[in-house]
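One structure is given here, and the rest of the page talks about it.
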Amino acid sequence: MSTDHSFKGRDLIDTQEWSLEDLETVFQLSSDLKRRFKIGEPHETLKNKTFFMVFYATSTRTRNSFEAAMTQLGGHAHFLETKTMRIGDPGAPEEIKDTVKVLERYGHGIGVRTYTPNYGEGERLIREYAKQASIPVVSMESDAYHPCQALADLLTIREKVPNVGRKKYVQAWAYSPSARRVPAVPQSNICLTTRYGMDVVYARPKEFTLDPKIIEQAKQNAEESGGTFTETDDLKGAFEGADVIYMRNHATLDYGKIGTEAAQALIDKYKDWTCTADLMDLTDKKSIFMHCLPADRGHEVTSEVMDGPHSAIYDEAENRLHVQKAVLSLVM
Amino acid sequence: MSTDHSFKGRDLIDTQEWSLEDLETVFQLSSDLKRRFKIGEPHETLKNKTFFMVFYATSTRTRNSFEAAMTQLGGHAHFLETKTMRIGDPGAPEEIKDTVKVLERYGHGIGVRTYTPNYGEGERLIREYAKQASIPVVSMESDAYHPCQALADLLTIREKVPNVGRKKYVQAWAYSPSARRVPAVPQSNICLTTRYGMDVVYARPKEFTLDPKIIEQAKQNAEESGGTFTETDDLKGAFEGADVIYMRNHATLDYGKIGTEAAQALIDKYKDWTCTADLMDLTDKKSIFMHCLPADRGHEVTSEVMDGPHSAIYDEAENRLHVQKAVLSLVM
Amino acid sequence: MSTDHSFKGRDLIDTQEWSLEDLETVFQLSSDLKRRFKIGEPHETLKNKTFFMVFYATSTRTRNSFEAAMTQLGGHAHFLETKTMRIGDPGAPEEIKDTVKVLERYGHGIGVRTYTPNYGEGERLIREYAKQASIPVVSMESDAYHPCQALADLLTIREKVPNVGRKKYVQAWAYSPSARRVPAVPQSNICLTTRYGMDVVYARPKEFTLDPKIIEQAKQNAEESGGTFTETDDLKGAFEGADVIYMRNHATLDYGKIGTEAAQALIDKYKDWTCTADLMDLTDKKSIFMHCLPADRGHEVTSEVMDGPHSAIYDEAENRLHVQKAVLSLVM
């Protein structure tokens, strides 16, 4: 946890590593930049500066929100697929150290997105970038954390659910026959929401638990903030009276160990874990439905919910832009 | 047909949907921006704004003219290949709606290029983008229309052939053993030129006809404008006294139905449909030769014509830049 | 050799084609722009202008240094992979002429990187771009030359080894089991350093000689500048008292002729051609170790040297940015 008064050069890999005071600065600045964007007021905080986006995996929101962010801030983001770079050279791949120590001479920040077959490796990879770089490294999602999504999500909640303390936030697993999403979003979000005193419920079939260290962190956060954290496999119970529903598919941490067929059979046991309008009827009248997208419509959630009155999904996606502009403006 | 006095937010998918008055604004602005570019006068009409270029297919002119256009206008264009995006995810592809409703939060306009195996699907795909988007959608060529090319082409004709009314414009099919170009350019061009009172001749082997609705539109346009529209398979006759020759390969609408071998045999029946200097000698002394490029030199047209005194091909390509800057400046 | 007083429109393919006076302008401007970058002073010399980067091969430093350079200069660089362009279309590939004559209408400069199986073809390809283009063409490395690397390298040497005349510069071949680097860097560098009166030694196993025309050029340069040029297969002797060590793998010009297995056997004969700390101990106390990266650590050079006190590798990489900004500012 940095106690420095300056944000310049700081990494963002896990929101837990930023103090509540620092995060408050991010949220206030996000809202300020959001208003300035809406009225077309220039805010070129990163004029002529460069942000390198290193992608080991595909993306829509992340790439486009960061690239548009840099344009709005007066700079430019490089869309770098590792397969077009020397670190992806099959003959003699360049080491991360050498790639990073060169990029830091040309530009001002590095973003990395990576998913890896073995849980934890993606996270370690991003930390290797951060260790080598003298310029800030921002995680654009690893297998463990998605800090910018978590910040966008909390900003959205704060905009729509006033006084978030003791409000009921439900993070729920959702069925999809084919999507194999990493657990970064639920993991980041239960950690961040518990810091803000929310009553956080993690609802999932018992096999779809998260990283035990993350669960432990969420519990500790709740204790410190005066909120609560509970796990359950009772989906309906979780929905009852909820203020926020965040329901989305993710893989278990050990599909790899059990094999492809067993994994598919396991997933297919829970075909009824779809977010429907009937389920939403159990929540508070003013509750919001959240999903970080992409969504497997009809499986994870029905279109009736996605396009219905509770849905906050596009406002949530928009806030990626604003929080990222705030973070980049602060650290670069 | 829009009757709105404002251009902001308007789509450009088929030039037919824009009034002659609106198009006149586009042409005047294109010429103005062209002059300003030539003298190096800044014209940052889209400062810090983002245009998303969604490519389902390869491109040289379209990508580079739009990307350079946005740089000149002070903004930035994202080069997006669908295979790097979530809509191209083989596991659980994201719906167009969700992609569009997110992009519209980050930026200010969307371009789409798509060719599809079945004629008409590409057009429907682009209209789906437009239906979902609250920001303007500009077709960067579907299987049916290429509106920006048509505008660039008419600007070029107006620059080089004063008083276009009743001037003879020949759109001709050309031989290529391997190119399988979509009919978007001839279709867009016979529709646009007939609106300007030109005597439009469409010359092609009888099997290479165009979409019957397009032919019907061209006839109706000619009637309204005081021009004419005729079809012929007499290539030499078409060239006689022509003011503009636009000769280029395109596929029939039903290669798919007849099979690959039959398609090749059909194409190879018309090896003599190459634009040669001898053919150009039949045209008016001051006539221009047009081609939207890429060209299959030696098959569609000889290098003698491509690089000869009638050729307007590079001026035509340049005008892509200027009309697109005008359109983007108006609608974004 | 240009004698023109203006740099606008000039190509940079081989530094030999630029006079010493012109190069001095490049070096002075590089240092000036470097200082302005360090203090954050704007220097938008290419405001709203476009540089097209045409890549036939992968890259990290080249793409990122040029793209960041254009952002810093107020313009934008297009990252163009030929496989996404019409020149890469397998059906009917567009000719270089047509691609170039279109790009020159949209933007202000073209960079090309290409490696080819047969030595010399890449160089010819870049010269074809230059022949067709009315805007400047900058080589981003062919199989024969890497002019921007050579300029960055000499700038680095001048910064770290005052009064370069008669200083000992060693260009050495290095072992790598799998990297097959083109000889562009050693070839460009022995030509440029010999023009500055250095005592240049080219150390390599006898089979790894360079293009005979290049060797001839280096000798002639040395004669004119008052320096020397020698070849040797005595690696230790070369290191003795050296001021600059530049040690890096490259392929012979005729791997193609001898076949893959024979090539591997040839390479493996020279496993001891690794730059080690022991070897560096033979050099002058203040000597620098250079490598253009990517490096095959442990084979071409040990990490002890790469990360040790002599290493200038990241400063060298940084100078790519500054010399390229100088060149682009002058020619575009």
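Think of it as A, B and C in the order they're written, each chain with its own count starting at 1.
What we mean here is this: contacts are C-beta pairs under 8 Å (C-beta built on N, C-alpha and C of every residue); 3 or more make two chains touch, one makes a residue touch a chain.
Note that the structure is predicted; figures quoted are calculated from it, not measured.
Student: Enter the angle, 0 to 180° in steps of 5, of the rotation superposing CA atoms of chain A on those of chain B.
Tutor: Rotating chain A by 120 degrees superposes it on chain B.
Student: For the copies chain B and chain C, give the interface type as same if over half of its residue numbers appear on both sides, and as different if under half do.
Tutor: Mostly different residues.
Student: Indicate the whole-number Å distance between the mean C-alpha point of chain B and the mean C-alpha point of chain C.
Tutor: About 41 Å, centre to centre.
Student: Where in chain B do residues touch at least two different other chains?
Tutor: 76, 79
Student: For a test of understanding, state which residues of chain B touch chain A in their complex under the given definition.
Tutor: Residues 47-50, 52, 75-76, 78-80, 84-89, 91-95, 98-99, 101-103, 105-107 of chain B touch chain A in their complex.
Student: Which part of chain A faces chain B closely enough to touch in the complex?
Tutor: Per the touch definition, chain A meets chain B at residues 42, 44, 55, 58-61, 63-65, 67-69, 71-72, 74, 76, 79, 81, 176, 178-180, 293-297, 299, 306, 313-314, 317-318, 321.
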